[in-house]
Every structure is written in structure tokens, then in C-alpha cells.
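Letters A, B, C, D, E, F, G, H, I, J, K and L mark the chains in the order given here, with residues in each chain numbered from 1 onward.
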Amino acid sequence: MKILIINGPNLNLLGQREPDVYGTQPFEAFLETLRAEFAGHDLLYFQSNEEGALINRLQQAQHDADGVVLNPGGFTHTSVALADAVAAIQVPVMEVHISNPWAREPYRRHSLLEGRCAGTLAGLGLEGYRLAIELLTESGGKQVTS
Amino acid sequence: MKILIINGPNLNLLGQREPDVYGTQPFEAFLETLRAEFAGHDLLYFQSNEEGALINRLQQAQHDADGVVLNPGGFTHTSVALADAVAAIQVPVMEVHISNPWAREPYRRHSLLEGRCAGTLAGLGLEGYRLAIELLTESGGKQVTS
Amino acid sequence: MKILIINGPNLNLLGQREPDVYGTQPFEAFLETLRAEFAGHDLLYFQSNEEGALINRLQQAQHDADGVVLNPGGFTHTSVALADAVAAIQVPVMEVHISNPWAREPYRRHSLLEGRCAGTLAGLGLEGYRLAIELLTESGGKQVTS
Amino acid sequence: MKILIINGPNLNLLGQREPDVYGTQPFEAFLETLRAEFAGHDLLYFQSNEEGALINRLQQAQHDADGVVLNPGGFTHTSVALADAVAAIQVPVMEVHISNPWAREPYRRHSLLEGRCAGTLAGLGLEGYRLAIELLTESGGKQVTS
Amino acid sequence: MKILIINGPNLNLLGQREPDVYGTQPFEAFLETLRAEFAGHDLLYFQSNEEGALINRLQQAQHDADGVVLNPGGFTHTSVALADAVAAIQVPVMEVHISNPWAREPYRRHSLLEGRCAGTLAGLGLEGYRLAIELLTESGGKQVTS
Amino acid sequence: MKILIINGPNLNLLGQREPDVYGTQPFEAFLETLRAEFAGHDLLYFQSNEEGALINRLQQAQHDADGVVLNPGGFTHTSVALADAVAAIQVPVMEVHISNPWAREPYRRHSLLEGRCAGTLAGLGLEGYRLAIELLTESGGKQVTS
Amino acid sequence: MKILIINGPNLNLLGQREPDVYGTQPFEAFLETLRAEFAGHDLLYFQSNEEGALINRLQQAQHDADGVVLNPGGFTHTSVALADAVAAIQVPVMEVHISNPWAREPYRRHSLLEGRCAGTLAGLGLEGYRLAIELLTESGGKQVTS
Amino acid sequence: MKILIINGPNLNLLGQREPDVYGTQPFEAFLETLRAEFAGHDLLYFQSNEEGALINRLQQAQHDADGVVLNPGGFTHTSVALADAVAAIQVPVMEVHISNPWAREPYRRHSLLEGRCAGTLAGLGLEGYRLAIELLTESGGKQVTS
Amino acid sequence: MKILIINGPNLNLLGQREPDVYGTQPFEAFLETLRAEFAGHDLLYFQSNEEGALINRLQQAQHDADGVVLNPGGFTHTSVALADAVAAIQVPVMEVHISNPWAREPYRRHSLLEGRCAGTLAGLGLEGYRLAIELLTESGGKQVTS
Amino acid sequence: MKILIINGPNLNLLGQREPDVYGTQPFEAFLETLRAEFAGHDLLYFQSNEEGALINRLQQAQHDADGVVLNPGGFTHTSVALADAVAAIQVPVMEVHISNPWAREPYRRHSLLEGRCAGTLAGLGLEGYRLAIELLTESGGKQVTS
Amino acid sequence: MKILIINGPNLNLLGQREPDVYGTQPFEAFLETLRAEFAGHDLLYFQSNEEGALINRLQQAQHDADGVVLNPGGFTHTSVALADAVAAIQVPVMEVHISNPWAREPYRRHSLLEGRCAGTLAGLGLEGYRLAIELLTESGGKQVTS
Amino acid sequence: MKILIINGPNLNLLGQREPDVYGTQPFEAFLETLRAEFAGHDLLYFQSNEEGALINRLQQAQHDADGVVLNPGGFTHTSVALADAVAAIQVPVMEVHISNPWAREPYRRHSLLEGRCAGTLAGLGLEGYRLAIELLTESGGKQVTS
């Protein structure tokens, strides 16, 4: 299966800031571990700080991916357009948050995407990515949730 | 490791209602599958429709469990006392929701527990339980999230 | 037909407090009158101050009742779990309030149950119970409302 | 006793629209059934789509009716003036809603009349009218509720 | 006089958690100190994590207590039924909070009980219990406040 | 110890208005009783209807008092500046309200001071002052609460 | 000058209900007093319970009145259309309320008309009408307020 | 086709007030232009300041019109009953606003009708009426929108 | 009769700012006109920018005035303490606003005083003062309103 | 005239998703129809999923277009910057929505653009584009609305 | 030029409390530095904890100052009267906050003054005062902002 | 020192629109003045209408700037992602607004950035940029505020 991992704004700084929280490993290094673990699958990766670029990539996933793992970062709470893109495509999308966004400022409480994603994994650190891929590959790209 | 699974109100009806959503399997049957999969671990199970009984069981988990998988059902949104119990104990608690509570009525949008649990898995069906146990057993009972 | 009457918290004090409002008759005495009036039917009765006990009894009604008359008392406004139980069972449930809850404090304005019950009778005193039974027995347990 | 039934806006369309919900019977036909059932009483009937006409009729009820059954339709939620009229007259008023208004749009959640009516019957279909008349005639025009 | 002390959910963990805040003494030990100080009075004690059990105990206080000291814990903010029970009984109830609930999360700002209790003592630690008993015993069970 | 009692706006009218609620005794007379009871301590008294004067007096308490008993009256709900003054000084401040402010108009529900005071005593009548002094003198000016 | 007095819904019941508040005099009798006092002026009178009829009369005032005294009753709070009519005409309109609407239910707090009327007199009983006419006649129909 | 144009309250003043905004032409004159342009169709016209009269006319449209152009004026924001009437009839209704209601006071932001009309044209001046007729006649009375 | 006129903050600038709205006359000059018109009465005058000074003066009015005309200026919306003072004294208080406060910023919409004053006159310019005095002197100091 | 049509995020998927709602025609095909119909005019077209690109294109319209037809898609509700761009340019902008955004989720209720556009056409399907062009070309680029 | 610096409540404690935030220097010492730096100008200084005294001083600034630097402290958020005073005077007022009030409690988010001051400098420490004076002196007392 | 000035959306139109407010000078011309004034420093400049481009540039500032002056324009109120970027980098950021955003529409009241920037200068026109640079250069890149 082809799994596309999409990271939203500021997630390119992983490994650089707050190492006690996020570890000192850049996401690219962690990606290598994931690729080793899911050797029979194709793991694509895309990161952007631009809302439109993320929408473009999500739309394209219809043509080149069987499942998407999406960490929308700060756009979780503000981007109706990104939520519309998730709803518009047929590929199942798993929403991942490294920390628990609901435990922070009030404007982080509201997720525009949740009703539209196949599932949500929050507060599990980088493990959330691994589990999301596991869920997508095990279900063979079918809608995995009830 | 000893993992305690706690199911809140009305989850004893799993397998009876809305079989197209939840399947026709009672939770107890699914529990057998879990026990087979996590053969090296002890899976305890508790279900109650009573808020106080759930609090009592959570408190007792300090003495007989290394991790808790909690599906608080309808108490997710109304029980400050249950949230206080999660905060009071030292054992890590993973919050699981079979469907995505945020995709339903507005009064289901607000979770009193999320800030207090080690992680949240929502909308993944019964798979959520399996992943939560996986996370707890892999981490050896330590706080697993960032 | 078997009709189960369920009274929620503090309704066991009927006849003791505020006799000018509720009369001096305990609910059990009124129950005798009802049983005489609906002689061809079986009137079951359950009262509890415990949310979980009420949920348990509601769930069990699937096996031993053809209709439920429910006065949820103070849980009307706070119990998502009780509302879930009403939605989960197949037996028709009539909601009864002795006084008009909307005429009191603002936090009594919102009923979590109303959308889920077959009908609502409010502000009619003990007469509300009699009418609810009349509606259930006349309709033979079918959904009575439009 | 003289009982005045008042139907508010769009209730003149009963029997024409949504027959699966409201049946195919116009209210006038149902009225004949009611008159047969309550043969010893005088059932007056008034319907209008005009707020002022409803207020006028309510005020006049002081002179020609011993009880009022009022289905305020869409004015339930918007007419302070109609609620003032209910409060201004001495005749007891029973509020009836064919379906359960609380199960619909949020702006239907708030009733301006409820605190002022003798009782509320909601979600019981046309049966609600019959029960309201029963309550008024049995109580002989006295305040029937607690 | 007979004074009943009722502690709500999670207060059975006093002395175990956050010893820098609550001290290392279980409530039972503190209770002995109180009994010594108020030697001429009968100090009854009840703790439960169950809402219904607390309501049952409060109702029973009418028969076996002259005053109640109530720390409702997490039910302060969510239990309409508990507040109804306080209002239903004749015995004066003093509300005690060990810490200042208003200084914490917003959902802890609203107390459903306050308007119904004889008085409120908040943020005074265990001293709050002692003062509440002092007030009740000095007033001889009469309403102590203005 | 030196204890400063500060009364806010309109509390100079105690004993003149609503004698059934507040008694017929001016606060000055009650102060004499307090001075007799706490003979070993110095009870200072200050009343003003002016927000700035109350702030000035509070600031000065750093130099001439070991504890403050503050009834902020109507400023409880509107004075950020007074709350800032409480926070700025080192002397412990006990907040006292003669009646229970939460049982009145909604704009009296919100206290700007509570999070900043050492403790709150509400609804206890003049007894609240006595208990506050007792708490301050017993603790010897140390932070008394948990 | 020609002054048109317009009374909104339920004000035709003045003198009949709540005589301790509104007196026992119908408005028509009071109108005679006003006509005697303002002998040199033409006092027109219109009352209706119908929103549209009030709008029609207000619009017509452009052709037959030099000033309007308007007591909109229950429409004060709900009629955007009536407020639009006040804004659309050139004749100055004085808003009068017999009692103080702000001292009642919250939904009476908001007046849609106030920003559009020349002035507001509230809580002055029938005197409000007299003063409004005095203001209009003294100013000769010009905008009287600052 | 028969097209019914309905104008709500105060729209009979078009051409008289604010001529720089609405022009100096009464709506009747503009209607003649429309009738000339849509010569093959029947343009009916109705204006009223009365909510009930507008509801009556809308209901009647089922019998004498193939499409409705409705400018509800001030009732846009307050009339649940008018919105119910739009929903109750089978004839397609186009909602027209001469200016942009969302650009004015907050209470004009909320339209009760929008979800129920076939389409909305706002801020286009009198052109809005012409376009609405064009849409209705081109679609032959079928639902024109997506 | 002795009538005390109290002007709140910034009203000492009358005549200096915005002369097109307020005229060029200082309030003291207008006061002379009032004193001439009400020659048989004693008109006292007090202005302050200090909340506490206004409260002090209001309290003293119990001893030296038969009625108060109060323009609270900016304190209308923020001073609970001033509203408490109005409620505490026996002398009738008429509330006057030169312009219509409800036609301005939202935070000016809420008056803390209105429910407590004998009546409200708003938007009538300096005429409001004259009318308020007229009402107080005519009623001989009795409560003038319904 | 030169008319620029701008489509916001996800509108490039028209014809691919939900064909029963939007038809099976890509927007480009519809554009050809429009160009044929408005043969004497220049129809420019721009679509982007990027907020900044849409702002850039809007700004440039000042130099190469006489009118803009803008369907802002999901940015309708979230982009202050896009609304600022509409306000900053001199070219008239017509806002078009294919479906009625107000009939969907609450966060789609609020449009940041409406007060700034020349007019709004909602719920008219692709016809909305044609009518918007018709309005712009007929008015010759002048402000078309009242 | 004459520049008046006004400090609101509790700012007289600068240098005494929280020295790690505000430094150990009293404002008077800092004032000397400012006077040295702006040697060609007259720096007046006023501090008070009294709202009325601040209003009085602001009003007087019209006669003795060419510009005002105002740190309103806790009155920023509660004093409509102070905001009115800023609006009433002709002298330009620069608003200064030592720390960033928006980064603290919610009730500190709303400033009643901002729309009325010439500019706002927040979070710059004591430097804010220096810059405000620089801006006022450079602009020669003219309105400095766009 | 290297100071990076970042201007957000629509600020490239400075000098073109509303010249009476912003002057006729493009920002680039003003930049030359700044460069002359701060000759010993390096002033970098970046403007974009794209949220992602601004985030990219902010992140890069860690490598090529010692301080940032940021005018986020319309993104002030909507971009959680931009606020996250400010929080993620070590370089001090001064927030500048040419006009006072709080004096405009309500949705401009809330700044997502303020708590994260070193300081805020609002309503000072282009002077705000100069002062921000002055503050950054004087402090040598250290955190300048309290």
C-alpha cells in the first residue's frame, strides 16, 4: 500500500525545539524507522507551512496514495478549506496530533477536521504516526472505523 | 503487565444495538481475542453504568493494574468526579472512544477527561482498545506520550 | 400490557415535602389508584437516586416491559448516559415532569432526553403519570406520537 | 364547560402536508371526533396565521370560555405579545405541540409561553389535544397542575 | 447535637495524593481530632464516590442528624439531583471546599449548591470542617446565616 | 497580632437597613464584641465607599497589619484594581460576605478577588468576620489555606 | 398640533388587570384627562394587538400627525419591522413604557426601537404619556433631544 | 408561468424614502417594467405589513402561482411562522433583499428563511427581483438550485 | 420639597464639549433656570467624578433630600456599588440620561441601576432633568411609578 | 469588459465530486458556455487553493479587470486577509456561492466578505456565475447595487 | 512641551513588588532619568489609586499639558468613566502598559480605552513610557497616528 | 545587528490606498528612510500575502536575523500557525500595527500573536516600525520587555 504522511505548519522544526517534549530526532530520521518497520509498504512524505500546498497535496493523494496520515498542526483549528479537502477525497485520512491539543489554549479546543477523518489519535507522541499507519495498512485502505 | 479495561454506561449493550456500526459481537467475545493477542499480559475487565462504581474501580487500579484503558461513554462529557479520579491516580490511563464523539451533538464536543489522560484514540472502533493496550504494554507502564 | 414507571432522584420524598404543591400522598398510594384504574395492565414501579441504577432498570425494561413512564428528576438536565439508555432500548418511553421545569432556574431549561422520548408531559402534576400510561396502553406499545 | 381550541400559524395546513407524520385528516375532521367524545362540553375552534388575531381571540376567551387549548405553532418561540396575553387572562391555558419542538432547530428550543401555561403536552400528535381537553374538563376549569 | 459530615467523590484519597497541599493525614485521623474537640457532640461520617449514595445519605439526615457539613467534591458543579436533595431536607447544610474551587478550571466556577446551603467556606483547608461544625453547634441547628 | 477589618461600599449602613436580615446593630457595636473576644489582638477598622481609599488602605496594611479581613461589598464584582491590590501585598487577606452573593443577580456571580484571597467565607452573617479573625490569629499570619 | 398615541398589544386590557399596578382606569378614561389638559392640541388614539396594523398606522402618521407617542408593548423586543417603520417616517416618535421593562425577564432587556425614537420614558406609569405629549407639543414637532 | 412577487413590511414605502439608495420610483412603476420584460408570464403582486397576511398569501400561492419571489423585509430575522410557511408549500421561493442585510445591525445577520428558499439574492437592488424571475421562468418552476 | 440633583463623571464638562449636542451652557447656568421654574422648591446640586463621593452623597440624601435626580454618567454601566446605594436609601431616585445610552457602544447597553430607580428618562437632553423634578415634586416624594 | 472569475479552494474538483449536486461538468467546460454567451466580453479565469495566491490575483485585478466574480469557497468564513483585499481594490466584486452556505454547519454561517462585496448570489448553482457576469456587464463596471 | 505622565492604581508599588519583572527602581527614580533625557520638556507626574482623581487630573490636562502618557492599570478594563474622560479632552493621550495585558486573565483582554487613545504601547516595560514621550514630543502635540 | 521587517497581506498596497490615512509613500520608500536612520544595522525586508511564506520567512529568521518586526495584517486574528511560528523561534519579535486594530470590527479584537511577541505597538502609524527597530537595536537582541 501507498501511505502518504502529511505534516502541517511548523512540524518541520521537530527535533529542534522543545527536545524534552519532542525528542532530538528530526521527523525525517523517525521516517526511516517507520519505513524499516513497514517495509512492504510505500511511505510518502510531505511537509509544508502553506495551507494551499497541503490542500493540493491532499487532492493529489487520490491519484497516488491508498491512505493518508495527516497532522494538520495549527490548521486543525482554522482551516475550513483543508477540512473541505479531506471531505472531498475518497482516500481514508487518519488525523494525528503529537500532543493533546485539547489540553492547551481554548482556541485549540475546536477541530474542524475531526468529523471528517477516519479516526483521531492524540497525545501519543510520534507513536501516533506508527499506529495510524498500522491501522491503514491492516485495513487495506478500507474505511477502518465504526 | 496488568491492564484494566473499563467500559462506562451502556457499553454493556455492545453487540446488541446498531450491529451495522458496532458489529454483532459482545465486548466479552472481543475481550477473548484481546487476551489471546496479549497472552503475556493480564487483561482485567470492568463495566458499570454507575459513575461511582467507575470511580471506585479507577481508584483501586492503583493497587492492581499497571495501566488503564478507559471508555467513559456518556460520562465523558458530564463527570467532573470521574475526571478528578483519573487525575488522582498514578496509573497511566488511555482514553478510547469507539466512534468519534466530536461528530455528534454539541454537548458531546466537550471532554472533561482529555487533558488528564495519557492519550486519546477516537473513531477507530474496537481497534482503539487493541492499540491502547499495545501502547501501554510497549511502554511498560511509563507515561507514553509527549 | 406491562408498564414500568421509573422515578428519578428525590421523587421518593413525594408527599413529605411541599404538600401544598405535591399533596400529602406518597407516590406509592397514588400508584395504588393507578393500578385500580388500569386493572387490565401490569404496573411495575422503580425509584432510585442513583443514575446507574436507573440506567440498569431502563436497559432491563427491554425484557420485562412494553412501555416506560420516566420522570428523570434532576437527571433530566445532566445525564447524557441516561439519555443514551433511552435511545438504546426499543421500548417506548414517555417523559413526565410533575411541575414545569422550564419555569425554574436556567440550568433546568435544557433537557437531554426530550428528543429521545416518545412524548413529554410537563406541569400536569400526578395527572401526567396517568395520561402517559393511558397513551401507552391505548397505543398497544407502538410509537404513539407524530 | 366551554373549551376553546386555538391553532396558530400554518396549522390550517394539517392533513395536507407531510401525511406520514400528521395523517391525512384535516383538523376540522379530528375536531368532530373530539366533539363526539366530549359531548357534554362545548368545543370552540379558532385558527389564524395572524399574531394579533390570536391575541384578540385569547383575550376574548375571558368572556366565552372556561379553558383554552393553545397550539401556538411558530409563535411559540417569537411572540412576547402572545405570552403576555396568556399571562393577562384568568382562563387556564394548556399548551400543546403535535411534535416535539425541542427535537428540532435550536431557535425552537426556547418557548416564551411555557412558564405561563397551566401545562405542556409535546410530541403526542393529535392525542395531545384530546388529553388537554380531558384535563381541563376534569378539573372543572380550576388550575389543574402543581 | 448530631453533626453529619459528608465527603463526596475522591475525598477518600485525602492524605494519599498531593501531600504538600492536603497534608499526609487521612480524613479519618483528622476526624478523631474533631471528635476530641467537639466531645459533647456526635460526629457522624459518610464518604462515597456515588452520587445516589450521597443523596440517600442526605435524605436520611432528616432522621438522624441536626446539621450537615457537606463537601460535594466534583459533584458541586454537575449534580442538580444533589442540589435538589439539599433543598428538600430541613436540616441546615454547610458547604465546605478544602481549596478554592473558583481558582481552578472554568467549569469549576459554577456551584449548583450554593444558593441552597446555609453557608459556604472555601479555601480554608481542613479548618473549614472545624469552623462549619463550630457554626452548626453554636447555633443549635437553627439557620445560622443572614 | 494586628488584624485590619476593611468594609467596602454601603457597609456603613449596616444596622440601618433591612434589620430582619442584618440585625439592628451597627458594625461598630459588633466590633466592640469582637475586640472583647480577641482581647489579646489589635483589631483595626476601616470603611469607605471609595475604591481608591480601599486600595490605599490595603497597600498600607503591609506596614501596620498581620492579616486583613476584607468585605469588598459591591467592588467584589467590578474592581480589577482592588483585586490587584490584594495580589500585590504580602499580608494574608480573608474574604468575607455577609450573605451569599452567588444566590443573587447574575452579575454578582463573578468574584474578581477569590483566586487571590487566602480563603472565602460566605453566607455566614457577621459570624463570618469572627471566624476569619479566628483563622488569621490561630495561624499567626501564615498562609492558612491549602 | 396633532399628536397620535399608539398602544401596542394587550394595552387594551389596562384597568382590567393588575389594578394595584396600573390602576382601575381604562386608558380611554385617562385619554379624556389628557385631552382636557392639552386642549389646544388634537390627540388621536390607536390601539391594536396586530403588528401590521401598528406599522400601517405609524406609516400613516406621516400624513395626519405632528408627533407620535408609542408604547410598543411586547413588540418592543421582537419587532424589527416596527422599528423599521419608526425609522422610515419623518414624524418624531417618543417611546413610552408604563413599567420599567429592564427590570423583568432577560428577553425584555433588549429594545429594538430605542436607537430610533426621539426619547424614552420608562417606569413612570401613565405619567409617561403626559410627559411625552408635553415634550412633543413644547418642541413644536422638532427633534427634541440631544 | 405565474410568478407571485411578495413584499414584506415597509416595502410599500419604496420610492418615498432614501431616494439616493432606492431611487424615486415606487415599486408599482418598477413592476410595470418587469411585466413588459416578462410579457409571456403572469406577474402577481402582493404587499403587506402584516405577518399573518403574508403567510396567508404564501399558502395560497400553492393554488395560483408557479414560483414566488419573496422579500420578507424585517420579518427575515424574526418570523419563524413565515419560514414555516415557506417550508410548507411546494412552490419554489426565491429570497430577495434589496440591500445586503448582513452589512447592518447584528440582529439582521440571522435569516430564518435562507435554508428554506431555493436561492438568495442580496445587495443587488431592484435587479434582484428581475434576476429571481428570470431564474424561476427559465427553470419552468422546477427546483433551480444545487 | 428638597430635590438633590447628582451628576456623575465628566458631566462637569457640559457646555465645553460637543456644543452642537449639549449646547454651550454649563450645567450651573441651566440649574439657575430650573431654580427659577421650581421656585417653591429647594434644588441642591452635587457633581463628582469619584464613585465613592457619589455614593456618600446619595447616602446623605436620606437626611437632607425628598427626592434625587441622578445622572450616573459612565458609572451607569459599571458600578454595582452605586446601584447598591440607590437600593439602600428610602428617597425616590429618578435616573436621567441626556442622550440615549442604548444607541451607543454595546457596553453601554446594560444599566445596573434601572431596576432600582423610580423611573428612567433617556434621550431627552436637559429637558430630562426638568421632567424628573416635575415628577418628583408633583408626587410629593412618594413612589411615583407603577 | 474584462471580467475575472476567481474560484477558491477545492472548487477545482467541480465535476468530480458529488455529481448529483454539482453535475458532471468541470468548471472549465461551463466556462466555455459562459464565454460563448458573453462573446463581446473577456472572461478571465483563476483558481487556487492558496489564500495568498487568491489575494495576489485580486490585487492584480485592479490592473487587468473591470469586474470580479468571486467564489471564495472555504475562505469565505476564515480569511480576514481576503476580505481586506476585496475592500482594498476599486473593482466591483460579486460574491457567488453554488450552494447556500447558511444551510450547513454553524461555522459556515459567518461570512467575512459580504459587507464588502457589491452583491451576493447564493444557492443558485452554476447559474450564480452567469447572473453575476450579467450584472457586472450590464452595469458597465459601476457599482451595481443599492 | 509639557507632558503629563499619569499612573493608575497600584503602580505606586513599582520597585517594591515582583522585582524580577519590574526591576527594583521606584517609578520616581525612573522619572528622573526621563527628565534628564527630555531636558527641553516639562515632565509632570501624577499617580492615584482613585478613579475619580485620575479623571479630575485628565480633565485638568487640558489647561496644563500638551500631551498625556497614561497607564490606567486595573482601570483599563473596567472604567467607562475614565475612557469618557480621555474622549472628552483635546490633548493627545498615549496608552502604555508595562506588561502585555492580553497575555493574562480573560477579563484583562478588553480595553475600554484603546479606541480613544492616540496609540498603544504594550509589553515594553518602562521603555514604553520613554517611547510614548518621544512620540508626543516629536509630533509637537499633534495627533501622531494614522 | 540584522533586523528583519515582515509585512503581511495587503501591506504591499501601502501608499496606494487611503492616502489620507497611510500617506502616499510606498513602504519601500519609507524603508530607505529607516535604513538611513539605522545606518549601523542591516534592515532586511519581506512582504507576502501568503501565510505559509510568512511562516517560512519567520523560521528562517533564526539563521539570518537578530530581531524581527512583524506586521501580520489580517493574519493577526486568524493564523494559529503564524503564532506557533513566532513561539517556535528564538529571535525576539516585535508586533506592529499601523492603525489600532481594536478600534475596528469585533473580529479584529482578538490577536492570536500578542502573548507570544516581545511587545506590541499599535496605532502609531509608520512610526511604530521605527520604534520597534529602536527597541530591538538598543537591547542588542535580548528580550526587551518585562
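Before moving on, here are some points about what is shown:
The rule is short, and it goes like this: a contact is a pair of C-beta atoms (placed from the backbone, for glycine too) under 8 Å apart; a residue touches a chain by one contact, two chains touch by 3 or more.
If you're wondering where the values come from, they're calculated on a predicted model, not measured in any experiment.
If you match contact pairs by residue number, over half of those in A-J turn up again in just one of G-I, K-L or B-E, and that pair is B-E.
More C-beta pairs in contact connect the chains of K-L than those of the other pair, out of B-E and K-L. Chain centres here are Cα means. That of subunit F falls 63 Å from that of subunit H. Our note on geometry: subunit C versus subunit E, Cα centroid distance of 31 Å, whole angstroms. Our note on geometry: subunit E versus subunit G, Cα centroid distance of 55 Å, whole angstroms. Shared contact sites, meaning residues of subunit E that touch two or more other chains, fall at 50-53, 78.
Residues 50-53, 55-56, 59, 78-85, 88, 112 of subunit G are the ones that touch subunit H when the two sit in their complex.
Chain contact summary for the complex, subunit C toward subunit D: residues 21-23, 98-100, 102-103, 109-111, 114-115, 117-128, 131, 134-135, 144-146.
Interface residues of subunit E facing subunit B in the complex, by the touch rule stated above, are 8-10, 12-13, 17, 48-53, 73-78, 107-108.
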